[in-house]
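These are the structures in question, set out in turn.
Two complexes, one shared chain (chain A), two partners (chain B, chain C).
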Partner chain A sequence: MENQIPVIGRSQPRFDAKAKVSGTERYAADYYPPGMLWGAVKYSDHAHARLKKVDTSGAKEVPGVVAVLTCEDVAGANRVGIPPRPDQPVLADEKVRHRGDPVALVLAESKEALAAALDLISIDYEVLPAVFDSQEALMPGAPLVHSENENNILHKGKILKGSAKEALKECAAVVEATFRLPRQEHAYLETEAGVAWVEEDGTLVMIVSTQTPHRDRMEVAHALGLPPGRVRIMAPYLGGGFGGKDGISVQCFLGLGALHSGGRPVKIWNSREDSFLSSTKRHPATVTIKLGCGADGALQALCCRLFLDTGAYASLGGPVLTLALEHAGGVYRIPHVDIEGYCVYTNNPVSGAFRGFGATQALAALEQAVDMLAVKAGLDPLVFRLKNALRRGEESACGPLRTYSTGIASCLKTIMDHPLWLEVRSWEKDAPPFKRRGVGVAAVLQGVGYGPVVPDYANAKIELLEDGRIRVYSGVTDMGQGNASTYLQIAGDILSQRFGDMEAVQPDTARTLPSGSSSASRTTFTYGNALIKAAGLLRERILQRASLMLMGAAYTELALLPGRVRHIPSGRDLPLGLIASMLDSSEKVCVYSYVAPVARDIAGIDENFRNMGYPHLIFSYGAHLARIEIDEITGEVTVKSYLACTDAGRVLNPQAYEQQVHGGIVQSLGYTLFEDFQVQKGEILTTGLATYILPTAVDVPDLLSIAVQEEEENGPYGMKGLGEVCANATFPAVANAAARAAGRRIFEGPLTAERILEVLAEEHKGE
Partner chain B sequence: MKIHFRLNGSDIAIETDPCRRVVDILREDLGLTGTKESCGSGECGACTILVDGESRLSCLMVAGQISGRKITTIEGLVSQGEMHPVQKAFVDHGAVQCGFCTPGMVLAAVDLLRRNPHPGRQEIRRGLSGNICRCTGYQKIVDAVEAASRDTGDKE
Partner chain C sequence: MKKEFILPKTLEELWEARAVHPRGALLAGGTDLLVRIRAGRADSQALISLDRIPDLRGISTGDGEIFIGPATTHQQLLDDYSVQKHLPLLRQSVEVLGSPQVRHMGTLGGNICTASPAGDTLPALYVLGARLDLRSPQGCRTVPIKEFIEGPGKTVLRKDEILSGIRVPMPDPGFRAGYHKVGQRKAMAIAVVSMACQVWINDHGTVGRIRLGWGSVGPTVKTLPEVEKFLEGRPLSLEVLREAGQMVSKGVTPIDDVRAGAAYRRLVAGRILLRLLDLLRKEVF
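Up next is the complex of A and B:
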C-alpha cells in the first residue's frame, strides 16, 4: 500500500493503521512528561445546591499534594460553552447544578495522594429543590436550574407548514404515539485525557483528546483569562469521540493546573467512573407523533412534539434540538407539518453532541410511527415509504427544496430487490420453537455540515518538504473515522504520490489552520474540498518550477510521478527534492480556504432557529433492514441479519466506508437493545462498563452494506458525509422488527429483555 | 521489592511495590504505552497482555503476579521490524479505526489462534467477546482474524 499511488474509489488500508496496531501511535492519554503532576477533579455531592464553603485545608496537607484549586483560582470568565450560552463553569462558583459539576481541582505527585486529597475536600452545601424531568422542568414553579433565567427552556423551535391539525382530520388513517428514547453514553475507549504545561514565553500548551482544537483554544483562553495567542492546543489521534469530545472536557482543568503547578506539566486522564459522571450524553427524548395519510397512502400531515433533556448546561443542546426538529419529518414529502420542540435544562447530566445530533432520536420515533401507519392503512411498509420518499427537486416535510443529490428512493429500492426482503414472510414463518421472528425497515437522513449561519469552512495546508515528500496539515481531528488517511488519499491522487511519500500532521493550533470541528458529517466533505484545491495549487507550483528548470518545457511534456517530475520527450527526471530546493520556503506551502455552500432559505424561518443550524442544504440518506429473533423464554433480542443501503454520494475508500457503516450500526444497536444509562433523581447509577452494557462481538451478526453511489456535485469526488446517517436507522428498524415479532410495540428504549417479556406477557392478560 | 520477569524477549528486573498494577508498570514505569487502559475494572480488554502466552488483563494484575513470567505487550509482537501476521491482517482488512482497543484486541486474537488455529467466525466472535471496540462493529476484526488464521494455516 505504501508503494502505491492511492486510487479514489478503491479499497485501501488506512495509513494510520500500522502505528496503531503496533502500539506506537501516541494518543493524548499516552503522554507522561518528565516531572509531571497528576490532576483530578472533586465533583459535586448534590444535583442542585448552593455552595456555601469549600474547605480545601485538609486536602492541601496531604503529603504529595501540590495545589488544590477552586473557582477563586480561575482568572478568566470561568465559563465555557458555545455562544449565546457559554454557561458552564470551569469550577463551580455560586451553585452546583448536577452531580458531575466540578468543584475543585487537585494536583499531586501521585495518584494515591490525589485520591486521598479528593476525599478530604469538605464542601458545605445548601441543598436546593431540583428537577429531573424535561416536561416537569417546563411547569410553572419548577426549580430554576439557572436562576438568572426566566424558565428552564434552553431553546425552542417550530416548523409549521400548511395546516396539520385540520389535515389530520381529513386523513384516511392516523396514528398517534409517544416514544421515549434513552440517554446514551459515548463510551469512547479513551476517556478524556491530556497533558499541559507552560512554556518559558508564557504560552500554555496542551496535548488533549478533543474534536475541536481550534474552538477549544478560544474557550480555554476566555475561561482562564489568557490571550488566545498564548494558548496552543494539539489534538493527536483520538481514542474515539462520537461527539463526546466536541468541546471542553478536561481542557480547562489542564490549563488551570498548568498555570498553578510551579512550572511542572500536568496530566489528567479521567477514570471511567469520572468520565461517566462528567461527560456529555445523547439527549434523552420524549417524542409525541401524530401522523396521517390519505386513502391512496400518501402522507398528508404530521404533528410532532419533542422534548429534549439537556441537563444542567447548554453545551450543544440548541443545535441538537434544531437538527432533531429538522429531521423529524424524515425522508418524506408531507404537505402539512406542525412540529415543535423544547430543549430543557434539568439537574441531570449534561447532554450534548452525539453522532446523529438529535436526528437519531427524532427518526427513531418517526420511523416507528411510519410503520404503525403502514400497518393501520394496510400497506407494505417498504412500498409505503417508497411512495412517500423525496425525490430531488421536491420539497421536504421539514425543510426547503431538495436541490442536490437525493438518493433515498434508490436505497429503498435496493432493499426491495434484496433476498433479505424478498424472502421475508417465509423467513418469519420458519421461526424455531420458542422463538419469534420479525423483520423491520427504516429510512433516514442526515444533514451535512453546520447549516446556514455558522461558516462551514476549512483551510487546507499542504507542503512540499525538502526531501521531496508531501506533508498535509490536517486541521480537523481524526477521532477514528480515518479522515487523515482520506486526506492523504486525496493529496496522493492529485499529486500522484504514494502513501509512503506523504505524511499528515494532526491538528495543532500552532501548525495547522482552523478548519472547524470533527463533527456534523462534514470532516471529509469540507476539508476534502479545501484540500483538493490546495493540492492542485501545489501541483501547479511544482510543474511550473519544473518547467523553468527544464528551460520552459510545456506542461503537456511534464508528468508528475512519485518522487519526481518526468520530462516525457527527454525521459529526464527531476526529483521533487531538487524542485523543493529551488523553491523558497514561502512557495513550498499551499493553502486554500473553502466554505461549504449553505441553504439560502429565509422566508418564515426564525432567526434564532437559523443561527442554530436550520436548514441544511445537502443530506445523506439511508435505508436499513433488520431481521431479528425474540427468545420467548428470556426476552432476548438477537439480530440475525442486517442490511444497510446508504446514499452518501461516491465512495472514496470502500473499506473505510464500510468501517463507518458497521460501526454506526453497532453503536446504535447498543442504543437500541442494551445501553441503559440510569440516572435517578440526578444520581448516576451507571458508573462503569460492568453495568453499562456495550455490544460485544457476539452480539452482532455480519452486516451487509450497499452503497448507493449517487454523485453529490458539491462533494469532494462526489461524496457526502457518512459518519452519522449510518447510525440513525438501527433503532427504528430493530424496533419495527421487534414489534412485528412480539405483536406489540414497546414505546420506551432500550428494548431490553425485561421490556420484551413485559409485552409478551400482555398477550396472555386477557386469557 | 525487586521483581524479575521476561518482557518482550528480554530479562528485566524492576524495583516496585508488589501491589502496583501491571498496567501502570508497563505504561508509567517502562514507557510501553501501547498497552491501553479504558475501564480499569476488567470489563473492556484494552489492557490485554500475554502472560506466558495467555491473554490476561494488566489492569487486574499486580507486580507480584508477573514475577518470573514471560510478558508480551503489543510492542513485543513486532519482531525485527516485521509485524505479526495478526497485526498485518488487522491493517489489511480495515480492523483498525480509532485504534485504542486495537493492541488488546490483537493480543486476544493471538491467544485465540494459539488455542484454536482455525476458528470459525462465531468462534472468533466468542474468543474476542472480552474485548470491547466502540468503532468498528467488530466485523472487520473478525475478517482480520479469519484471514490471519488462513495465512498461518498456509505456513503449516
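Up next is the complex of A and C:
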C-alpha cells in the first residue's frame, strides 16, 4: 500500500490501518510519561444536593497520595461549555446536579492509593428535591436544576409554516402517535483518557482523546485561569468518539492535576464505569407527531412536539434540539408545519452530541409516522415516500429551498428496484414456523456542517520536507472515521505521491491550524476543500522551482512523480528533496483557509435558533431497507438482510465509505434493538458493558451499501458528509419492519424481545 | 500491595498452598473470579491456580459414566469426542456460553462453583444427573449437583474442599437433546431464560422419559417433575406443549432485574417448550 499513489474514487486500504491493527499506533490512553501520577475523580453520591462540606483530610493522609483537589483549587472560572451557557463546573462548587458530577480530584502514585483516597473523601450534603423527567421538569414548581434560571428550559424552538392545525382537518388521512427514544451511550472502545504536564516555560501541555482540540484549548484556559496561549492540546487518533468527545471530558482534570502535581505528569484513564457515569449520552426523546396527507397521497401537514432530556448541564443540548427540529420534517415537501421542541434540564446524566445530533431521534419518530400514514392511506410505503420526496429546488418541510444536490429520490428508486424489495412478499410468506417476517424502509437526511452563524472553516497546512516527503497537518481529529487517511489520499492524488512518501500530523494546537471540530458530517467536506487548494499551491511551487532549476522549462514539460519531478524532454529527474533545498522555509509550507457556504436567506429566523445552527444549506440523504424476523416464542428480533442507499455525493474511497455506512448501521442496530441506558431516579442501572448491551458480530447481518453518487458542487470532488446520515434510518426501518411483522407497533425503544413479546401477547388477548 | 500467584503442579502442592494462604482464591480460568476481584467482591491477596494440575483436567470414559476434570475448559469439552457422542446436551450448552475467548479460558468447574442462576452448563448437568467429587486433604465425598448448589453463588463446598471431578452418567441411548437459551443478544449474552431437555420418544411417538431444567427463572436451576410426568405418555404436540408451558409458567420463580422482567421470564419459560416441536426432527443419540 505504501507504494501506491492514491487515486480519488478507488478503494484503498486506510493509511492508518496497519499501525492500528498491529498495535503500534499510540492513542491518548497509551502514554505513560516517566514519573507520572495517576488521577481520578470522586463523583457525587446524590443526583441533586447542596454541598455543605468536602473533607479531604483523610484522603490526603493515604500514603502515595500527592494531592486531593476541590473547586477551591480551581483558579479560573471553574466552568466549561459553549456559549451562551457554559454552566458545567470542573469540580462542583455550590451544588451537585447529577450522579456523575465531579466533586474532587485525587492524584496519587498508584491506582491502589487512588482508590483508597477516593473512599476516604467525606462529603456532607444537603439533599435537594430532584427531577428526572423532561416533561415533569417543565411543570410549575418543579425543582430547578440551576437555581439561577427561571425554569428548567435550556432551549426551545419553533418552526411554523402555513397553518398546520387547520390543514390537518382537511386531510384525507391523519395519524397521531407519541414515540419514546432511549438514552444511548457512545461506548467508544477508548474511554476518556490523556496525560498532561507543565513545561518549564509554564505551558500546560496535554495529549488527550478529544474531537475538539482547538476549542478545548479555550475552555481549559478559561476554566483554569490560564492564558490560552499557554495551553497546548494534542489529539492523537481517537479510539472512537461519536460525539461523546465533542468538548471537555477529562481535559480540565488533567490540566488541574498537572498544575498541582509538583511538576510531574498526570495521567487519567477512565474506567468503563466512570465513563458511563460521567460522559454525555444521546438525548432521550419524547416525540409526538400528527401527520396528514390528501386523498392523492401528498403530505399536507405536520404537527410535532419534541422533548429532549438534556440532563444536568447544557453541553451541546441547544444545537442538538435545533437540529432535531430542523430534521423533524424529514426528506419531504410539507406545506404546513408546526414544530415545537424543548430541551430540558433534569438531574439525569448529561446528554450531548451523538452521531446524528438530534436528527436521529426526530427521524426515528417521523419515519414511523410516515409508515403508519401510508398504511392508513392504503399506499405502498416506498411509493408514498417517493411521491413526497424533495427534489432539488423545492422547499423542504422545515427549511429554505434545497439549492444543492438532493438525491433522496434516487435512493428510494434504488431500493424500489432491488431484489430485496421486489421479492419481499414471497419472502414474508415463507416465514418458518413460529417466525414472523417483515420488511421496513425509512428515508432520512443530515445537514452538513455547523449552520449559518458559527464560522465553518478549515485551515489546511501542507509541507514539503527536507527529505522530499510530504507532510499534511490535519486540523481535524480522526476519531476513527478515517478522515486523516482521506487527507493523504487527496494530497497524494494532487501531488502524485505514494502513501509511503507522505505523513499526517494529528491535531496539535502548536502545529496544526484551527479547523473546527470533528463533528457535524464536516471533517472531509471542510478540511478537504481547504486541502485541495493548499496541495494545489504546493504543487505549483514545486513545479515553479523545478522549472527554475531546469533553466526555465515550461510546466507542460514537467511531470510530478513520486519523490521527484521529471523533465519529460530530457528524462532528467529532480528529487523532491533537492527541490525542497531550493525553497525558502516560508515557501515549503502552504496553507489555505476554506469557509463552507451557508444559507443566506436567514433574516426572519430567531437569532437564538440561528446561532444554534438553523438552517443548513447542504444535506446528505439516505434510504434504508431492513428485513427482519421475529421469534414468536421469545420475541427476539433477527435482522436478516439490510440495504443502505446513500446520497453523500461522490465517493472518494469506496472501502472507507462502506466502513462508515456499516459502522453507522451497526451502532444504530444497537440503539434500535438492545441499547438502553437505564437510569432510575438519577441512578444508573446499566453501569457497564455486562448490562448495557451492544451488538456483536453475530447480531449483524450482511450489510449492503449502495452509493447513489449525485455530485455535490460545493464538496471536495463532489462529496458531502457521510458519518451521520448513515446512522439515522436504522431505527425507523427496523421498527417499521417489526410493526409489519408483529401486526402492532411498539412506541418505545429499544425494541427488546420483552417489548415485542408484550405486543404479540396483546394480540392474543383480543382473540 | 503484593499479590501472590501460585501454580501448584499436584494436589499435594495445592493443599500446601492452601494451608499457607488460607484466604487465597482458587483460580481456574478466572473469567468469573477476575471480574469479581475487579469489582471488589472477592479477595485477591493470593491466587492459587488449578491450571497445571493434570488430575484436574481432561475427560475420561468408564463405568457407565464420563468423568470430567473441573479445570477442563469449555473449548476442550467442545473438542472432545465422547462429549460429542454421549453428552450432546452439555455440548450444546457450552456452544452458546460466552464467546470463543471465554470458552478458551473458562472451565466447567468454574461455571459450577460460580453457581449463577444463569450458568449455562447447569441446566444440562441437572438434567443429566451429574454428581460432583468434592475433595479435601482428608478425603473425598460425592454429591449430586442439585444438592451442591444452594442458591445464587452458594454451594456446599467446605473451606478446605475443592471440586475435583464431575461425573456424568452415560445416558441410555435413543434420546434427543436440546439446550435453548434466550439472551439479550445472540452471543456473549447472559441467559434471561434457558431450558435444557433430554427426551426419549417411544416407538408410537409419545414421550417415554423426559428430563427438563430451566435456568434464570429461580435462585437455582428449576426442575419441575410434575411437568415431566404430565408429558410422559403424551405426544409432543402443540396442544400438549402449550398446556405443559402453562404449568411451567406457574412453577417457575423468576425475579425482575435490569436484563428482563419476571413476567417475561415466566412467560418465555413456558413458551420455550414449543421449541421441542423442532426436537422431533433432530438427531437421535
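Observations
Throughout what follows, the second predicted complex is superposed on the first by the 766 of 767 C-alpha atoms of A that agree within 3 Å, B and C clash if a C-alpha of one lies under 4 Å from a C-alpha of the other, contacts with A are read in each partner's own complex, and residues count from 1 in each chain.
What we mean here is this: a contact is a pair of C-beta atoms (placed from the backbone, for glycine too) under 8 Å apart; a residue touches a chain by one contact, two chains touch by 3 or more.
Predicted model only: the values in this text are computed from it and were never measured.
When the two structures are aligned on the shared chain, A:K18 is found in touch with chain B, with no touch to chain C. Of the two partner chains placed by the overlay, only chain C lies in contact with A:A761; chain B stays clear of it. In the superposition on chain A, A:V698 makes contact with both chain B and chain C. Set against each other, chain B and chain C differ in how many residues of chain A they touch, and the higher count belongs to B.
Of the two partner chains placed by the overlay, only chain C lies in contact with A:E636; chain B stays clear of it.
In the superposed model, A:A690 makes contact with both chain B and chain C.
Contacts of A:D338 after superposition on the shared chain: neither chain B nor chain C is touched. Of the two partner chains placed by superposition, A:E219 touches none, neither chain B nor chain C. In the superposition on chain A, A:G239 makes contact with chain B only, while chain C stays out of contact range.
Once both structures are placed on chain A, chain A residues 690, 696-698 are touched by chain B and, in the other complex, by chain C. Looking at the complex, you find that chain A touches chain C at residues 112, 433-434, 633-636, 638, 673-674, 678, 685-686, 690-691, 693, 695-699, 752-754, 757-758, 761. Within the complex, the chain C residues that touch chain A are 1, 99, 182, 184-190, 192-193, 258-261, 264, 267-268, 271-272, 274-275, 277. Chain B makes touch with chain A in their complex at residues 27-28, 31-41, 43-44, 46, 73-75, 77-78, 83, 87, 90-94, 96-103, 106, 121-122, 124-126, 128-142. Of all residues in chain A, only 11, 13-14, 16-18, 20-27, 29-30, 32, 186-191, 237-242, 271-272, 479-482, 655-656, 658-659, 662-667, 688-690, 694, 696-698, 700, 702-703 touch chain B in the complex they form.
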